[in-house]
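Several structures are given next for inspection.
Two complexes, one shared chain (chain A), two partners (chain B, chain C).
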Partner chain A sequence: MSPVLIILAVLSALLAVTMLFAKSPITSALCLLGVLIMTAGMYGMIGEHLVATIQLVVYAGAIMVLFIFSIMLLNLNNEETDYKDRPLVFGAALALGALAFAGFGVAIWNHFQAGDVVVKGKFSPELIQTLGGNTKVLSHSLFTQFYVSFEVISLALLVAVVGAVVLAKRKFD
Partner chain B sequence: MTNEILLQLLAAFLFTMGMLVVLMRRDTIMILMGIELLLNAANLSMVAFSKAHQMLDGQMQVFFVITIAAAESAIGLSILVNLYRNFGSIKTQSATTLKG
Partner chain C sequence: MDMDTIFPFAQLAAKIAFVVGLSLGVVPIMVWFERRGSAWMQGRVGPHRTGFFGLLQPLADVIKFFHKEDFTPRNANKFYYHLGPMMALIAPLCAMAVIPFGSKIIIDNREVVLQIAEMDAGVLFILAFAGLEVYPIILGGWASRNKYSVLGALRGSAQIVSYEISMGLSLLSMLIIYGSVNPHDMVTWQSVHWWGALMNPFGALVFFISIFAETNRAPFDIAEGDSEIAGGYHLEYGAMKFALFFMAEYVAMIMASALISTLYFGGYGILPGMQIIIDAVIAQFGFGAAGAQNTLALFQVLSLLSKIAFFMFVFVWIRWTLPRFRFDQLMDLGWKILFPLSLINLVAVTLGVYFYNS
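On to the complex of A and B.
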């Protein structure tokens, strides 16, 4: 277990907690940006370079710019009606979160206790190295095996662009 | 082997935090950010499992999830701008037109 990975994991967990409890939306948005950048760093640390780049460019770049832009556009202040004025709901939500995390933890524990029951795929690190690296292998897979999905997803993006323009434009009088 | 456990635990923690953000916050924009955090946690889990099992399917799935997340946030934010125009606020309790 590399120390850099542990540092990234702890930092992103702390940033996620800060995001939950921060009062102003812009603080939360910057914390989420931090979490996304840390996640990109972790992808890079485990050797998934293409996913790390896409995470950095699309998630931390495009999507978060959109969020911060709309926070500034709407000129949002701090929340006046805070969740902390209803301690029962607050406590119940936290208890539900703790319960869900315990459930996830038990599932992960069971999975790793079971040992190597899962049949491993054929893309070992050595094979990926022989085939020309992570980016080349993933791109080849994207444009051969998954190319129908690739075309369909481009159509979905087009629909989203048209929908966003239609929703956000001013109404005709 | 311990790397995988660390990444899976972190993914579970981030997922829980995203769930709590969606449940507890009242701003629509915070709920959208919580959804982004949920998607990010699921992505992390998929990439880590796919890497551990020496497959490529998880990484390919992550491309499509990121694309859908981009589309979803664009649509969600334009709905949010409309909400602000109509109600003057983006709190969830301000949109009460359908309330009896």
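On to the complex of A and C.
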């Protein structure tokens, strides 16, 4: 593993922890942005440039802008002072989190103990290189093989947009 | 260490140094040109006492900026307040990494592609960093804890988010024409066929207008709006922190000019008539294959730089010609005119390419 990858991983883990424990919502949102950028950097370091780019365009460039925009518009400046420590709830959440984390750990451990049982798809990095790169292969399979599911997902998004407009309009009328 | 290990790092470092040096080195020239050019367009004299033709004026400005008090507002959120100007400069500089400045040069039998990052995501990478350009405005405006700054930040971010859509759609129409996201393929396509702006004039126009909004240049400088909201998102910034925002604007302009040139005006493809000069130079000095390629690459870099210089001039020209939009006019233009126009253009281009190919 390259040292840059390790630095990115450590930084993103640190930012994720900061996001969880920060008291101001804007710090949490910006730490999440940092995690997303670091993840994009990791994708880039392992040579998956398209995934890195999409990570930046969709998550860092669109969704996080919306998050930060709404946090600033709602003016949550007082949130920091109103924040109350509730040790019981926090302890319970921490215990549940630790349980889930342990479960993941066991699952990953079992997976590595079982050896190479992954069912490999037809694409290998070498094949993708000969077919003309990730962008080309992904776009091609998206618009031929997975055409219907692609359209259905965009329909679902359209339903979500229309639903949001209807709900918001009823509230303001 | 032998040459084979050093060479990849050395050529990469040289390319990064060239691009960063170019982006930052153009800033003083542009500051000078902005002031002299605006004076020229308005029938004034402009700064002319510092140095020859006022050419040392940017240097005087820099010295002035360094001697100002480095002031931080008492109520500002210190960390985010300082993060804003840094992010402003990072995003456009990163986007420059995928702009190709020429095809390739050959040094000692090794090929060097004149582009920092050769990635298969290509031009999409620029969109990723164009999306990050909204953060410095939000952060700077919000962290200053000033009503006018917040107003400027909200206006600026609403503008950038709105115009990003029409920019993306007109970029998409070009990707359909070229059939590739690789900037080298785009330049090759344009040198074989016509320039992209001639193939897709509406797309070029929409892209050109949108990129003005993305770079916050007049007539879209509504985020600053000095006559209405005093200075917008960088109102509370002084000294070199303001200068960073100022530099970021020019670096974003260079990035935008390079992007327009690559997508719509032939990129590093040599200007018409240049082939004669190249042939004459090669014949004069009797270059071999490598020498010929290097000469070609030199002229390609010159072509791209002259195109960038032209668009930088257009940026200044438009700024001092058109008045600023009102906020509702700006939103109407973005959502009711450019967005439908770019969508219709995308459909038309798709149909055109489909029938041309079938």
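Heads up, the rule we're going with is that the second predicted complex is superposed on the first by the 158 of 173 C-alpha atoms of A that agree within 3 Å, B and C clash if a C-alpha of one lies under 4 Å from a C-alpha of the other, contacts with A are read in each partner's own complex, and residues count from 1 in each chain.
Definition applied: a residue touches a chain if its C-beta (ideal position, glycine included) is under 8 Å from a C-beta of that chain, and two chains touch if they have at least 3 such contacts.
This structure is a prediction, so every number in the text was calculated from the model and none was measured.
After superposition onto chain A, the partners chain B and chain C occupy separate space and fit alongside each other.
In the superposition on chain A, contact of A:P87 is made with neither chain B nor chain C. Legend: residue contacts after superposition of the two complexes on their common chain; A:M72 is shown touching chain C, with no touch to chain B. When the two complexes are overlaid on their common chain A, residue A:A60 makes contact with chain C while staying clear of chain B. When both complexes are overlaid on chain A, the residue A:K136 reaches chain C alone and has no touch with chain B.
Applying the stated contact rule after C-alpha superposition, one finds that A:P3 touches neither chain B nor chain C. Touch counts on chain A: comparing chain C and chain B, the chain ahead is B.
Of the two partner chains placed around the shared chain by superposition, chain B and chain C are both touched by A:L50.
Using the contact criterion defined above for the overlaid structures, shared-chain residue A:L30 touches chain C, although it does not reach chain B. Once both structures are overlaid on their shared chain A, chain B and chain C have a minimum Cα-Cα separation of 14 Å. The contact surfaces that chain B and chain C form on chain A in the two complexes overlap at residues 50, 54, 62, 73.
Contact residues on chain A toward chain C in their complex (touch as defined above): 26, 30, 33, 40, 44, 49-50, 52-54, 56-57, 60-62, 65, 68-69, 72-73, 133-136.
For chain C in complex with chain A, the touching residues are 80, 119-122, 124-125, 127-132, 134-135, 138, 142, 150, 153-154, 157, 161, 181. Against chain A, the residues of chain B that register as touching in their complex are 1-10, 12-21, 23-27, 29-30, 32-33, 36-37, 40, 43-44, 47-48, 51, 53-56, 59-60, 62-64, 66-75, 77-82, 84, 90-91, 93.
For chain A in complex with chain B, the residues that touch the partner chain are 1-2, 5-6, 9, 12-13, 16-17, 19-20, 25, 28-29, 32, 35-36, 39, 42-43, 46-48, 50-51, 54-55, 58-59, 62-63, 66-67, 70-71, 73-74, 76, 79, 81, 83, 89-90, 93-94, 96-97, 100-101, 104-105, 108, 111-112, 118, 120-125, 137-138, 141-142, 145-146, 149, 153, 156-157, 159-161, 163-165, 167-168.
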